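First chain A sits with chain B, and in the next complex the same chain sits with chain C.
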Partner chain A sequence: MFPKGMPRNAGWWALLMPAFLLLTVFYVAPILQVLSISFTEPELGFGNYERILTNRSVQRTLMTTGRIAGITTVLALLLGYAVAYSVTMASERARRWWILCVLVPLWISVLVRAFAWVTLLRRQGLINDALMGAGVIQEPLELVWNEFGIIVGMVHYMVPYAVLPMLSTMREIDPRLMTAARGMGASRWVVFSRVFLPLSLPGVVAAAVLVFIFSLGFYVTPAILGGGKTLMVAEWISVQILDLIRWGFGTMMATVLVVTILVTLGGFSRVVNMRKLFGGGG
Partner chain B sequence: MTLELHGLAKSYGGFVAVEGADLKVGRGTFLTLLGPSGSGKTTILSMIAGFTEPTSGQIFLDGREVTQEPPEKRQFGMVFQGYALFPHMTVAENVAFPLRVRGMAKAEREEKVKGALDLVQLSRFADRLPKQLSGGQQQRVALARALVFEPALLLLDEPLSALDKKLRAELQEELRALHRRIGRTFINVTHDQEEAMSLSDSVAILNHGRIIQLGAPEALYEQPRTRFVADFLGKSNFLPGTVREVTQGALGVQVGALRIRQAAGAAKAPLGASVLLSLRPEKIQVLEEGEAADNVLEARVVSWSYLGAGYSIIVDTALGPLRLAMSAWRAPFHPAEGAAIRLGWSAEAATIVEDDDVS
Partner chain C sequence: MEGAYKPGWFARSTGLIVALYLVLPILIVLPVSLTDQRFLSLPRETLSLQYYRNLFSSPEWFSSILQSFWIALGSTTLAVVAGTLFAIAAWRLDRRLVNLMRALMLLPLIVPSIVYAIGLYRYFRWWDLLDRVLGVIIAHGVTAIPYVVITVSTALAAFDPRLEQAARGMGASLPQLLRWVILPRIMPGIVSGAIFAFIHSWDELVIVLFIASRDVFTLPRRIWDGINENVDPTMAAVAVLLVVFTVLLLLADLTVRKKRDS
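Entry: the complex of A and B
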């Protein structure tokens, strides 16, 4: 369309340049510099990375992180799907309140929420007190400072992040499709499983990736609710660098985290084309 | 399948969407519910389908009451407004859906799907996704999907409204041919009077939630019961007058300064009654020099437009402005603004209608 193409595009590039430079100079470059430490300290080479294969602590941390992130993702998706579905089916008025209820937790500091969970879950916390008072249990349950506590806190934090992408996909689904399916003789369950669920899958995939990536690098919630006993990658890195001053070892793990996230995103970008294939709901 | 509605009504809070609809549709009839938006036609269709619960009244299919049955039990086919094709399924999967939910075996299902796609000439597109098809093709898929399980009753909710004019005309032909071929009961909802007239055996005209008149298209056009029907179905001139003379089968109606000779028809119009005459534009003739007619009126052309097959002309007369339609082929005169002409119409041309235009 444009004979020489470039002059017109060059204008857009010029607009992008300031943001691009800012990101490169103050964000990407420092990160790369820090990550490169993993190849240079304590000595040049892949020594730090060898320890993924040999060091039990590294392996355990990676396993724990993967497991917690995985469980968190599954639970947040299940709860989030139910919420998003209810919001989609609700009346216009009710929907506004629902969305507000989903968003409010996002505005409360993650630190406050983590400590709130400690108050609820600890040995003399509200839940244990109530259960013991009701005579359901004799000894307080170990609800916090372990994986269970971390998962509770993280799922709570992640549900809104799971709801929002799923909700936007669900709201694009033409409600007439469900009516049509019922008119064609489908029961409510068949309408859901054959029409609604497949059409909402792009949102589920997007939510899964978002929550999983977020969970992998989570720091505050696991640090508080894990009580230092269950270490996830982010806390492990902080311990290596701040407490043990082992920069090379710590940044190696950081590199592993960054690569994992990029690979997940890369895989996702292939799946996300499916959404275009389906055309969302229309 | 015969369908009967007894006093079917629906109101939302204080708003009455449908007011006691009574209707009987015989087997194999093509019935159209015609009305402007908000007339309740879609609500009636939705109640027949079972998507909307009536406030009162009953629905019978083949003598069996289905008022309380959920839609999936009623066994009708339906073409939805905007088609409602499943975007994640291919054309064949879309058409197979009603069979699949009925638990039909795969081999039989595939055969039926093929048959349905053949019926609408879309077999070549079986593996495409709906969004890869044109609007007209999507419409045909929707039709195939509605007919594939051979329902005795097919409901059509504004099936052609999303298509452009030419395609709409084409699909009207196809829909009518299809109805003749398979001989099932079709119930169509539309606001397009041309579509209603060209497709249907029977038309129910609705306004403000009430069925105003039910009948064959010709009967509705020729004998509109009310002003609304005459106005909605085609165009008409309305002449309010008073009956001044009643003789054998004929009336003398005083409209302004003119005494109009009018056949009495079925209308009961005693001496002194106020009546409204509906006079179709094409039933007014332009008289030649010395030609006579039951009613004659001097007129002056105000404006005119050429429509190919004919002219649409607005004239000014002693009775106010009138609209007339004149065939362009062998037209008695060439329209020109300001031209003086003589109009004439027979005593049978106009119809006495009830004035229901409250607005």
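Entry: the complex of A and C
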């Protein structure tokens, strides 16, 4: 089967190599370079990191990002929970339509979705037009190119990511538990709050972690719907690198972003089954 | 759920409203693309196909679509070959070191693409891959590997390992084993992975913004420029075509899955 003298599993190890080498050379190496630049440019040391304590623009960006990511996570969880609950309780036929409602937006280009929101929310957009036409408002509302617009677009992007982990947890809940609770005289609210909700919590935590870390580093939607006025971390990094050519500063923020995400994931890896979250399979 | 409470009016209406919030804003691009006005708005007097004519007669949009298509095809091939071989070997070997490597494969899903993009911007200058189609194919291919590893691993979880032992026992070599025993069984997983890898590359913007300038002008980059510079209804026509294309790919994926499950 194999040339003599080779270890028994050599063939299998060889199959691992193309992906491993591609990832090491063309993914891990450029990212490690980003991390190292943050310590070496413009000069060796922690100079770039000291700016976190002194630089107003850095602090404001971190605050804005944390606030928007936090609000987005809470809203996406609430809305996603309602959808996941509806899917779980739906009949087999209705369930297919529900899942389509979740999967189609998930895979539609993020640019198309941001564009759709611009069409709806801008000053001469469809919503302002409709409201002014109906005489509800005199002046157009400022719905986009501010934090409100960013959050509307980000929540829209994140709800499907919130639904999927919650749905997989909810579908593992034994429906007979709810039947039994009702049989023993529990009201609708008690069945939900004392039986269903606690059993679905692991899915809620997983969804929260997923949505939060995706929100932190999100670029496209905040850049389009924020109109350059409200900067989140990703857009701030891009401005530092492309416009101001301050590599040390930009890569410092990139490092902070990656470390925050890895620490968040690491912190929750005891609570959340990461392998399941990212569909590790096997 | 027989015997349990059916969801009440509150749960049902909230779920419905959220579903509408998810779907309606995307559907709004359809009427806007058919407008008879000269700016982004709903059609007033009549429906018009002028912006679709605009789109199909524009050499810029056409060349971007073509370029995005070839890049997506190239990077999908790269990701499918590397990812499938990896998933199979990782499933067969299944030990600590391999599981660490599997975790490494998932990094592109976790690390924000802005971080990778600025890294590549420097790194590719050194490899002379900036503003080259090959560079984008590599970048998109590498970041698509996790999608393939995940779908193929899921397919392998349902594979009976005794089949492999039996084939080995009858003297099959590794290539024969792959070709005749393993690959046919996990084909639906590979196709799913390929579809997701394709969509990933087809829609990818952030990396391209950093590593492309004049020669590489993919479809997402053109849309990005369109949104930031002049918002005209041609964009809505592009959006409609993209939505239709993605839905078709997803339906293809659902068909493949149904075949696998039955």
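In this section, the second predicted complex is superposed on the first by the 250 of 282 C-alpha atoms of A that agree within 3 Å, B and C clash if a C-alpha of one lies under 4 Å from a C-alpha of the other, contacts with A are read in each partner's own complex, and residues count from 1 in each chain.
Heads up, the rule we're going with is that a contact is a pair of C-beta atoms (placed from the backbone, for glycine too) under 8 Å apart; a residue touches a chain by one contact, two chains touch by 3 or more.
Computed from a prediction, not measured in an experiment: that's the story for all the values here.
Undergrad: Regarding the shared-chain residue A:198, is it in contact with chain B (first), chain C (second), both, or neither?
TA: The answer is first: A:198 touches chain B but not chain C.
Undergrad: Going by the contact rule set out at the top, does A:184 touch chain B (first), chain C (second), both, or neither?
TA: A:184: touches chain B, not chain C.
Undergrad: See if chain A has more residues touched by chain B or by chain C, and give me that chain.
TA: C
Undergrad: Which holds for A:145: it touches chain B only (first), chain C only (second), both, or neither?
TA: neither
Undergrad: If we overlay the two complexes on their shared chain A, which of chain B and chain C does A:174 touch? Say first, second, both or neither.
TA: first
Undergrad: So, does A:224 touch the first partner chain B, the second partner chain C, both, or neither?
TA: In the superposed model, A:224 contacts chain C only, not chain B.
Undergrad: Identify the partner contact of A:249: answer first if only chain B is touched, second if only chain C is, both if each is, neither if none is.
TA: neither
Undergrad: Which residues form the common part of the chain A surface touched by chain B and by chain C?
TA: Residues common to the chain A contacts of chain C and of chain B are 179, 182-183, 278-282, listed in rising order.
Undergrad: In the complex, go through chain A and note every residue touching chain C.
TA: That would be residues 1-2, 9, 11-13, 15-16, 18-20, 22-23, 26-31, 33-34, 37, 79-80, 82-83, 85-87, 89, 98, 101-105, 107-120, 122, 124-126, 129, 156, 159-160, 175, 178-179, 182-183, 188, 191, 213, 216-220, 224, 234, 237-238, 241-242, 247, 250-251, 254, 257-258, 261-262, 265, 278-282 of chain A.
Undergrad: Note which residues of chain C are touching chain A in the complex, please.
TA: Chain C residues touching chain A: 1-8, 11-12, 14-16, 18-19, 21-23, 25-26, 28-29, 32, 39-42, 78, 81-83, 85-94, 98, 101-102, 104-116, 118-124, 138-139, 141-143, 145-146, 149-150, 153-154, 156-157, 168, 171, 173-174, 199, 202-203, 205-206, 209-210, 220, 223-224, 227-228, 231, 235-236, 239, 242-243, 246-247, 249-250.
Undergrad: How about chain A: which of its residues touch chain B in the complex?
TA: Those residues of chain A that touch chain B are 174, 176-177, 179-187, 190, 194-195, 198-199, 277-282.
Undergrad: Going by the contact rule at the top, pick out the chain B residues touching chain A in the complex.
TA: Chain B residues touching chain A: 49-51, 70-72, 75-78, 80-82, 84, 86-88, 97-98, 100-102, 129, 131, 145, 149.
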